[in-house]
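Next, two complexes with chain A in common: one pairs it with chain B, the other with chain C.
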Partner chain A sequence: MMFRSALFFILGSAMLVASSGCTDNTPDQPSGSTFEREDMLRETAQNVIIPAYSSFKADLGQLSSDFAQFESSPSQSNFEVLRNSFLQAYQSWQPCSPIEIGPAAEQSLRFSVNTFPLDTAQVNSNLSTGWDNLYSAQNNDAKGLPALDYLLFISDDFNLFTQDSRIQYFKDNLDLVTEKLDIVYNAWNNGYAEEFAVNSGTDVGSSLGLMVNELNFDFELIKNAKVAIPLGLKTLGVAQPETVEALYSDASKDLLIQNLKGVKNLFVAGEGTGIDDYLDNLGAKYGSENLSNAIIARFESCEAKAASLGPSLKSQIENKPSEVEALHSELQNLVVLLKTDMPSQLGVQITYQDNDGD
Partner chain B sequence: MRSSNLILFAFSLALITLSSCNDEEPTTTSSYTVPAIYAFQNVDYSGQTQRLNHLEEMMTYVEDGIESKTPLNAQTLKYMFENKDQNGGGMFSFSSSKMLSDKCFAPHISKIEDYFNRIESISDSQTIASNGVAGYSETVSGSVRLYDENGMELSEFIEKGIMGAVFYYQATGVYLETEKMNADNENVIEGEGTAMQHHWDEAYGYLGVGLRFPQKVDDARYWGVYCNRRNDLLGSNEALSEAFRRGRAAINVGLLEDRDAAISDVRTQWELVAAATIIHYLNEAIDNIGDDHIRNHVLSEGYVFIEGLFYNPEKIISNTEIDEILAKIGTNFYEVNTQDLQSARDQISTIYGLDNIKSAF
Partner chain C sequence: MMGIRQTIHKLTSNHVSIAPLVTFRLVFGLVMFASILRFWMNGWIEEQYIIPDFHFKYFGFYWVPELADWGYYLAFAVMALSALGIAFGAFYRVSSVLFFIAFTGIELIDATYYLNHYYFVSLVSFLLIFLPVHKALSVDVRLGLVKAANSVPALSINILKFQLGLVYFLAGLAKINADWLLHAMPLAIWLPAQDDFPIIGSFFQYKLTAFAFSWGGMVYDLFIPFVLLTKRFRWMGYAAVIGFHLITWSLFQIGMFPFIMIGATLIFFSPNFHQRLNSFFRVEPFDWNFSAASSYFSKPLRVALVMFVLVQVAFPLRHIVYPGNLFWHEQGYRFGWRVMLAEKAGYAQFKVEDKEGRKIYVDNRDFLTPVQEKMMSTQPDFLIQYAHFLKKHYINQNINADAVKADVFVTLNGRPSTQFIDPNTDLAAQEDGWVNKTWLLPFKADRI
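Here is the complex of A and B:
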């Protein structure tokens, strides 16, 4: 343990020395003249960001209409339809997760939509005594998609879902997610996409700066919240499989994969000109290969490792954690490239810190 | 072997990078002096102090209840643990945004909450505590304690449990761990220092001593008290606080290897305080083997301190050894015997190299 931290520290400080020693020599826009960052941002918005929000919006719409259908005629088959469309929406949320930029940041979209693990005690207390405001601090981890996951999957029998105030709690949470998403979606379609594109510097607060930071932040959430914490890597090896995302539907593995794909897609801007192309333009290398290729290869290796897990991340952690540990190591390897190599090549600063308070 | 190659590689990488920036003066690392007390700039561990205060007021509620044999309420304790409404559900004498629960070793939160439930369930007992019967135990001198049917004193499980799962864990297992120690050490925030300095100070804050420790010891609390109690035999006040001061001084000049050595020393010295305290309690139990009131009390303290050894990520003892020692004591404190307690104590003293002074604690 200690040896590992010493190693990290040495590597870390080597990089620190390297970056601090050279900052003054680095031009603000290294060979950026032949590469239009503005085009990259515009394509990223058009090819990745807006489509991600659109498809989440469409799936929320489907969820809402399937919910209305269930409400008007509750049945086991309508319940299954509702469950499926929920899982579809949860999947299409995943590529939106890393885009906590501009309107999404203003709305704290990620926090509102997908804070987990769910505080089931709080949800149950809301169900039995009512709730005034889902935004109040006590409901911080009792809302959003994890709350829907709980309501729909705590029992396979549709009857429970119709009891107490579950229907209303579902509705209020679905409304909350939909309202938040609509605000963000509308902002991107009514001017923010252009604002995003023209904010084309590399300083703190530039679109590239924000994107690189949020891409990293979300990737670290994958590594930590979705993998390391359930594995027990933050708790001296004591596993906490009940902290996985989507505990009740057991969809954690698929969501994790979709999230990984989403982060990668933000990096490559789909088929368009993305950060990967910008890195190539800058001549960024990792060893002898292009840094962009090294990053993409590791994304693919993370996806492959995740895909090779059993269908349930929770049972995998309980029964065969070594494969999940291997996934964690691969995620860890990619963090180094994403958080250290990439920003230093791009001339972008990582400005977020873990701030879990003191 | 492979790892050391990696380190060499990292060093050479740093050298290469440094030499490529040859129009820059190389940064000269200054040496540093370790002050005799925690006299550094921008030290703030008020968050830790608030949590110590939370535990103190929780224990006042528990102890006052036991003293007067008034039933205790698990929900009240939970609200204090979670600092509900920033005032412990109205129980705290001060308002604070901090809470014990969110810094508790997560897999053990339910264990602590279970102590709250168990103490509530026995606190309305009308019977005198005895083997198999939960209840109050009172001496002629007026000492009142509350034991469960196995002689476990849940108030000690709560207090020492939180000292382990929050204070000791946060200090050794979180703030001195890689993630917190990889923090920024350049950007100074007024009153808090750099993020790295602040994390270090927060670890220090969980020790429960003031800035003038070890010169001033009378304001020590929780772990600070135990550190001070073991000081005669271990020299623990200087050993532990010096490691903290040395690490902070090293951070101040960016000598992170020295800091890492200090991290190991803090963890080791802190663990020694815990180990010696366990030996002390086991000795007390052996000396008072026939006195239920005393034996159950000291065994409760000792038992939870043994469990707490777990939280140190660089601990000397192994998890298996912890389990072995707990098994020697067993889970019914009325049915322990001298031989088993001696065996538990001897195993600990051997692990920590304290055999020659084990009887003196």
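Here is the complex of A and C:
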């Protein structure tokens, strides 16, 4: 009898503890000095993420109407207007790039919108023989903003743009980008922002975990795809300037800077409470200074290095690569903090798999 | 006073009831079966073994072959079935051998996924091959494959108690270090990240809580084996076992380990307890009336088990022969029951140089999964293996790869990241092994 009641007592209390362990997400935070991750996430969504998508959406809308204007009355001046509004849209895409979270991840937004370098052979074959589906694997590198960049900037004369099926290819690609962005934008404005905010844990599927991982992923794309590859750092030092982003408009440098600003802005949540404030709240140090300040300082020095380059990243690489190399090592200095110190201090996980805590 | 000879005889050769082993077999087999199903359902067979192009190895086990895709599924199927074989004592000899080989073989294929509890499972399943756990209430007895026995030599139970007790005790010993006890690291990082934990979560922001957990964990690990050995405090100890493991399970991503330990520590209870437990679940009527069986362990086997015990005590302590901070260089770290002791993260920029000194900067994501990259960036033997892999890869690409160097930065327990290895070392010229790696930069002790 004694034995049975003891057994039931133990199994019972075990189940009680186990079940309380399963309700991890209950938002019954005590008030007090505890840092509210949920507030940080809400502010990040309101101050950074939704505005980034909104302005990209607005610029795509402008691009679309300028395109309609050009279509109805093709002229060199309308072509210039169209080109400018494209460059504007390409710039406002950049802060969206690191937000490959939730709806954007489901839509593979970055992949659809901005995969470069462009496969021009595939584009030209599409232009001459037609295309069924821009989503097919053969068009992986032949779509999105890089395709628009090619169509608009391969020639300064608007007449080429009106030839073959270029107008249609432009339209289909603009539709693809707009469609994808609309899905993501609508999701954030219809509930995902709240879902994002209440998913306030620190495991790999939590919003903070996703942000840290995607912020890193995008930053490494900047370092590798936008800088290292064109510099020739993956090809024994043989420069590959033709692999830069926005090769035809030559807007690579500005886009790079906008991308850097976008990643930083995600980190600081604009004027609001961001990961930087959370790190401060945790008392995260880098030597004697706050880790958040060290990270912001390195962001600023990356931006400064990028800004000091000549207007064309491509010709800078061709003519004076040493300054781009300096940018690359500055980027690398920042990756170290973003990839080791930051996640380590935040205690976020990078995988669902079991660990030993090492 | 008993003499040493009598004590040894009592602990090894005396005959005792088989009941604790029946429970152990059942619990271990079923928990293993559940673990394997969980692993499979989570898609980890594909994620951990099939998707990666490259697998990190254990020194000395490079020969363990990587399998074809179906081979991994077959190995896990074998594991699942043989786990059930162990649980129910069905075709026990074959089941226990198959389980040990399949489980250990899979672990040896990629060291990225090393977990202390996988090592524990390998050791226990190895021991189980030689223990007479299937001689009662088993399919084998029912089928007449083995003769039923209700007693076994005490050694077959005590060796399991030893193994379990050792895990706890050494885990406790490993917690006696400055970071853990004087700085509450890494719990002071991990606990605040869990401040949404029900009821007690709001206390996690305070460093005092981290200190309480650190010291509590150390005391628990060091003393729990001895508490479980006493008759008087055993129930209290077992309640602590359950509480401790369920709390750590709900706080950290440690998988099935808590359930393995909660199940396995039942072995410390008396034969009487296990007889009642087995009757409680009414497996089948069984005559527990004690009768001495013939001696089970042959002399060579007894010698082998003594060797096993000695190795188990010595091997985890091998780190003392390496200079410097163990948590930093990790030489002699694995197989040492060091759990939850380090928050470590790293970043490694590899550069492959050709004969003319021209460089290729490696993007690790081209070759490694995120987990592999994380593990590689902080573990010196992985750095060497990856360097060899890269050199071979680029030579196959017709690049005259010569040296492989890396800028590696590591942060340990909240310290600022610092350079981990000499960036001028040609890692591809280094051989994996137990020799002290002199190209590791010394740990910068910035606090006591």
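Methods note: the second predicted complex is superposed on the first by the 316 of 358 C-alpha atoms of A that agree within 3 Å, B and C clash if a C-alpha of one lies under 4 Å from a C-alpha of the other, contacts with A are read in each partner's own complex, and residues count from 1 in each chain.
Going forward, a contact is a pair of C-beta atoms (placed from the backbone, for glycine too) under 8 Å apart; a residue touches a chain by one contact, two chains touch by 3 or more.
Keep in mind it's a predicted model, so treat the numbers as computed, not measured.
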Which of chain B and chain C A:L152 touches, first, second, both or neither: neither
Partner chain in contact with A:Q353 - chain B first, chain C second, else both or neither: both
Chain B versus chain C as contact partner of A:T340, first or second or both or neither: second
Partner chain in contact with A:L60 - chain B first, chain C second, else both or neither: neither
Per-residue touch tally on chain A - higher for chain B or for chain C: C
Chain B versus chain C as contact partner of A:L233, first or second or both or neither: second
Set intersection of chain A contacts, chain C complex versus chain B complex: 3-4, 6-7, 10, 13-14, 17-18, 20-22, 24-25, 234-236, 353-354, 356-358
Footprint of chain A on chain B - complex, ascending: 3, 6-7, 10-11, 13-14, 17-18, 20-21, 23-24, 27, 45, 47-48, 97-98, 102, 105-107, 173, 177-179, 181-184, 186, 195, 198, 202, 256-257, 260, 263-264, 310-311, 313-314
Of all residues in chain C, those that touch chain A in their complex: 42, 44, 47-48, 113-117, 186, 189-190, 192-199, 202, 205, 235, 238-239, 242-243, 246-247, 249-250, 252-257, 262, 273, 276-277, 280, 333, 338-347, 349, 354, 358-363, 365, 370-371, 374, 377, 399, 407, 409-411, 414, 416-417
Complex contact set, residues of chain A against chain B: 1-14, 17-18, 20-22, 24-25, 229, 232, 234-236, 238-240, 243, 353-354, 356-358
Complex contact set, residues of chain A against chain C: 3-4, 6-7, 10, 13-14, 17-18, 20-30, 32-35, 37, 200-203, 213, 220, 224, 228, 233-237, 282, 284-287, 332, 335-337, 339-341, 343-358
